[in-house]
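Shared between the two complexes below is chain A, which has chain B as its partner in the first and chain C in the second.
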Partner chain A sequence: MPLKQETKPKLLWLQGVTCNGNTHSFLNLSSIEILLEQFELLYLPAFATQYSYEEILTCKLSCDVLIFEGTYDPLLERGGVLVDKLLQHYAKDAKYIIAAGTCASFGGMFEEVHPERNSGLLFKKAKSVTHFEKYKGKIINLSGCPIHPEWMGYTLEMILQNKEILLDELHRPKELYGYLSHHGCTRNEYFEWKVDAKNFGTKEGCLFYEQGCRAPMTHASCNKILWNEVSSKTRIGTPCFGCTESDFPRKNLFTTKTNMSIPQDIPVGVPKRSYLTMAGIAKTFHIKRLEDKLIDYKTTH
Partner chain B sequence: MITKQLIEHIEGEASVYFDMDGDKVDFATVVFPHFRGMESILEQKGALDALVLTPRVCGICGHAHLMATVRALEDAYKQAGYEVRLSQKAQIIREFTLVMEMIQNHFKWLYMVIMPELSKLLHTPLANKPLKGAYASSLASKAIALFGGQWPHSSYMVVGGITCDPTHMEILQAKNYLRELIKFFENESLGISLKEFLALKSCKDFQSIDSDISSIEKGLIEANMHQKGFAHDQFLVLGKHQCTHVGKLKHTRIFTVDPKFVSTTDSYAPHEKTYAYNALYKDDYYETGSLARMISTNFPIIKNMHRRYKDSAYSRVMARLFETGVLLQHALELLENIDVTQSSTVEVVNVQNISAKGIGVVEAPRGPLIHEVILKDGIIQNYKIITPTQFNIGSSIPEHPTPVQKAMQHNTKEEAEFIFRTFDVCSVCTTH
Partner chain C sequence: MARITKEERKQGIITAALQLFSERGFYITTIPDIAQKVGMSVGNFYNYFNSKDVLAKELIIYISEYLGQSIREINEEDISTEQKIHKIVSMYFAMAQEKPEMIEYFLRVYLSNREVFSDGCEGMICVSPFVTEMMIFFNDGVEKNELHNQDFFSAFGLFMGYLGGMVFLFGEKILPEPLDSYKDSISQNIYNALKTRD
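Take a look at the complex of A and B:
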């Protein structure tokens, strides 16, 4: 639904069960000041804005863009008022509702606290839930634990510019989540030639085979749009934990589950037979350059 | 008469119940209403998963949680007979990113909390946009991300070291972000060079400066905060780092400490259910955080400040600002000492071999953060977290007040609310 152009759209940020990580991640956005100047800020958790939280709790205002951070718990109260009541009230008139982070999108970390009732706004893991079904058409999921600041920046700018945001089946913007976290990883050549990282703390090797890396199975543009504008988990040797997916957090996050030495989960959309054929061929070669250190400080001194 | 005040724009949510005597606070109790159950989430998970889960306790100091976890796990390895000896490189990089997280916290607190709240208290217009703090903090986050991949919620510290293996290029980039941040601190916050700032000897020296920090200093004096907000004048520093002096302090006298004497008790909150526990050291309440850490050092200006204004709200705020400078300088020195030729990790046995208890203690921005883990065959049997806000912002009975309760007493409600914030409150950590 397009926004009216003559006035600044009203922005409201509410929180469920959360660590505040999405708020703090968003504060890293370098264009945040220019971006937020284009909105009338009703309330943000990070700093004082137009209204106090107590005024928000009275449910006498309305907003155009509602951001919700944290797991949805129907019994959670904030300031003595059910968050559910706040969400139902502000969702009614909002043109867009942004679920900021994996908790708000799929339940995330804190779904486990009350699994019988906690969820995201539209999904509990990958399964649809009904609480906000009537607002389904205006809910955008920005999964990620936490949200990537640039992804929130993109979504708010697209809304301001009245541009259509194409969503995938889990309501995530395709321009952000059409990629895999694997795309742009600096270790891709090691993946292609099946050269494992034997240990943590090395520049070389792929983390997919032993260290639990989920990048080939994770929809995210972390290695295209870098974190804090400088890096990503896999670039610095930490496996991708698949934090943008509905099943985050999985268990045994630093270990790749294998069957007969073959990773149980293989890259999205690749037929197992094709993967095994390619992997089998690649593994028969020994590429010395890839088995050596990228930089041997001892011999180049 | 009891009045309830919802405290906004802290990390999470808290309520203070003021028992007023006329227009002054006779006593106050504190409620942290939200519970997330992080400790039970961790039970029966593989030990290494804690490195991913615990940073998600808190959006602003998750890196401190990561370090507390890795230290707890490495201590469990040690107790099980497999001592982990980190390379110097891993130790330095861990400390660098921890320090940078403290710096990002302090800048946000300065521009998003203290300056706006002081303006509100004094009924003066706000001189700076709060997002000025976000800019400074984002520079610190970039420097962390060069080693940690991202901030918040990095998991780059692993048992035996760190996952990154930087070249001189990343170190140079981190140095450039740090230099930019120091330039911001000098030009925008201080009005003098960092070197001159760290060489200040007396609180009077602030009077000759015209900057954000001097306006805060003047505002604190104008609001009489040098004569208000006194806690117990006893402090606790538990996290061992290159930049800390571990000890408990009674006034300025320092004594040795052992984290085993830390305990928790139920909060006294008669008006509403709270999910927080109070943290004590040898059954007594101590203040933690920047003021504690700075008093444990020998900086002349801190000694002067304490002599004049003791542990007032003024000292609490100004010590935090001074610590920002100290940490910026320390971060620069750390970067100078990274030897890229050293290993990032040392070899460790598989965690499935570990059945032991481990304790990890670090200094988080607000003070000591303690993680305690019990492992059986590498699986978490029990996990306990004690956070700095539990030391500072406990809620106890009038006969045995916590630091914040004592500090708020005998002030107006508005002053008490400001004093509450001088401790830098983290509700999300407290009700982990």
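Take a look at the complex of A and C:
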């Protein structure tokens, strides 16, 4: 639904069960001031806003864009008011509802506290839940633990410009989540030739085989839109944890689950036989350049 | 009479070459020997394979694909891993008896003349269809919690080394009993060695 151009759209950020990680991450958006100037800020944690949280609790206001951070717990109270009541009130008139982070999208980390009742706004893991089903058409999930600041920036900017945001089956913007975290990884050549990273934090080697990297199975643009405009987990030698996926958090994040040395999970959409064929053949060859330290590499031979 | 297609001709060369290589050995067998067995001129043979080395590589790919396809059919059956082991052992022993040239070629030519296969057929390249299917077998067994999760090559060596050894003994006519009479005990041994541990 287009927003009215003559007045600034009203923005409200509410929180469920959360570590505040998404708020903190959003603060790293370099264009945050320019972006937020285009909104009327009703209330955002960590920002000076027009209203106090107590005034928000009275449920006498309304917003155009509602951001919700954290796991939805139907019994959670904040300031003596059920968060559910706040959500139901502000969701009613909002044109867009943004679930910021994996907790708000799929339940995430804090779903595990009360798995019998906690969830994301629309999903519990990848399964639909009904609490906010009537608002389904206006809910945008921005999963991630935490959310990538640029992804929130992109979404708010698209809303401001009245541009259509195409969503995937899990209500995530395709422009952001149509990619795999693997795309743009500086270690791709090591992945192609099956050269493992034996340790964390090294410049060389692929983290997929032993170190638990989920990048080839994770829908995220972390290696396309870099964090703080400079880097990503895999670039600095830490495995992708798959934090944008509905099954996050998983266990044993630093270990690749293997069955008889064969990775249990393989790149999205690749048949296991095809993967094993390619991997087996690639492993046959030993490319010396890829087995040596980058720092020792000589450009002349 | 229906005309023999090029593909059928190629198949004829593969069968003849497998027999000659496994009976006489790779180096002793010549292209004229193979051409003669198939009933074609040496010149015509070169329309199908550029050299004996190229033929040697084609043969191992052919065997690997045959084995891979046979194991794939077993892998895709809805049966326990223990039953799959029995079927793989049975298939392998049947092949050793009905198509001995295939196993003989694998054991006596491919594994014994590595220099022939060192360029373009090294490592997994020519045996990939077979090894991949064994990977799927082991992976599925662990996923179903029926096999102990261990290093692939430790398990692969135990399984295929055992079968290769038995077929070698069979080929040398050392086994006192018919090969098939060992199927049950060998399958059981393999399963016991690989199964989930408490």
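Annotations
As a working rule, the second predicted complex is superposed on the first by the 295 of 301 C-alpha atoms of A that agree within 3 Å, B and C clash if a C-alpha of one lies under 4 Å from a C-alpha of the other, contacts with A are read in each partner's own complex, and residues count from 1 in each chain.
In this section, a contact is a pair of C-beta atoms (placed from the backbone, for glycine too) under 8 Å apart; a residue touches a chain by one contact, two chains touch by 3 or more.
Source: prediction; values computed, not measured.
Contact with neither chain B nor chain C is seen for A:G137 once the two complexes are overlaid on the shared chain. By the touch criterion stated above, A:E54 is placed in contact with chain B alone, chain C being left untouched. Set against each other, chain B and chain C differ in how many residues of chain A they touch, and the higher count belongs to B. Look at A:S261: by the touch rule set out above, it reaches chain C but stays clear of chain B. In the superposition on chain A, A:P115 makes contact with neither chain B nor chain C. Chain A has no residue lying at the interface with chain B in one structure and with chain C in the other. Contacts from chain A toward chain C in the complex involve residues 258-262, 264, 272-273, 276-277, 280-281, 283-285. Of all residues in chain C, those touching chain A in their complex are 122-125, 128-129, 131-133, 135-136, 138-139, 141-143, 147, 149-153, 155. On chain A, the positions that touch chain B within their shared complex are 17-25, 27-30, 32-33, 36, 45-48, 52-54, 76-79, 109-110, 112-113, 145-146, 199-203, 222, 227-238, 241, 243, 249, 251-255, 295, 297-298.
Those residues of chain B whose C-beta lies close enough to touch chain A in the complex are 6, 8-9, 11-13, 33-37, 40-41, 45-46, 48-49, 51-53, 56-60, 62, 90, 108, 112-113, 116, 129-131, 134-135, 137-138, 141-142, 144-156, 158, 160-167, 173, 340-341, 343-345, 347, 428.
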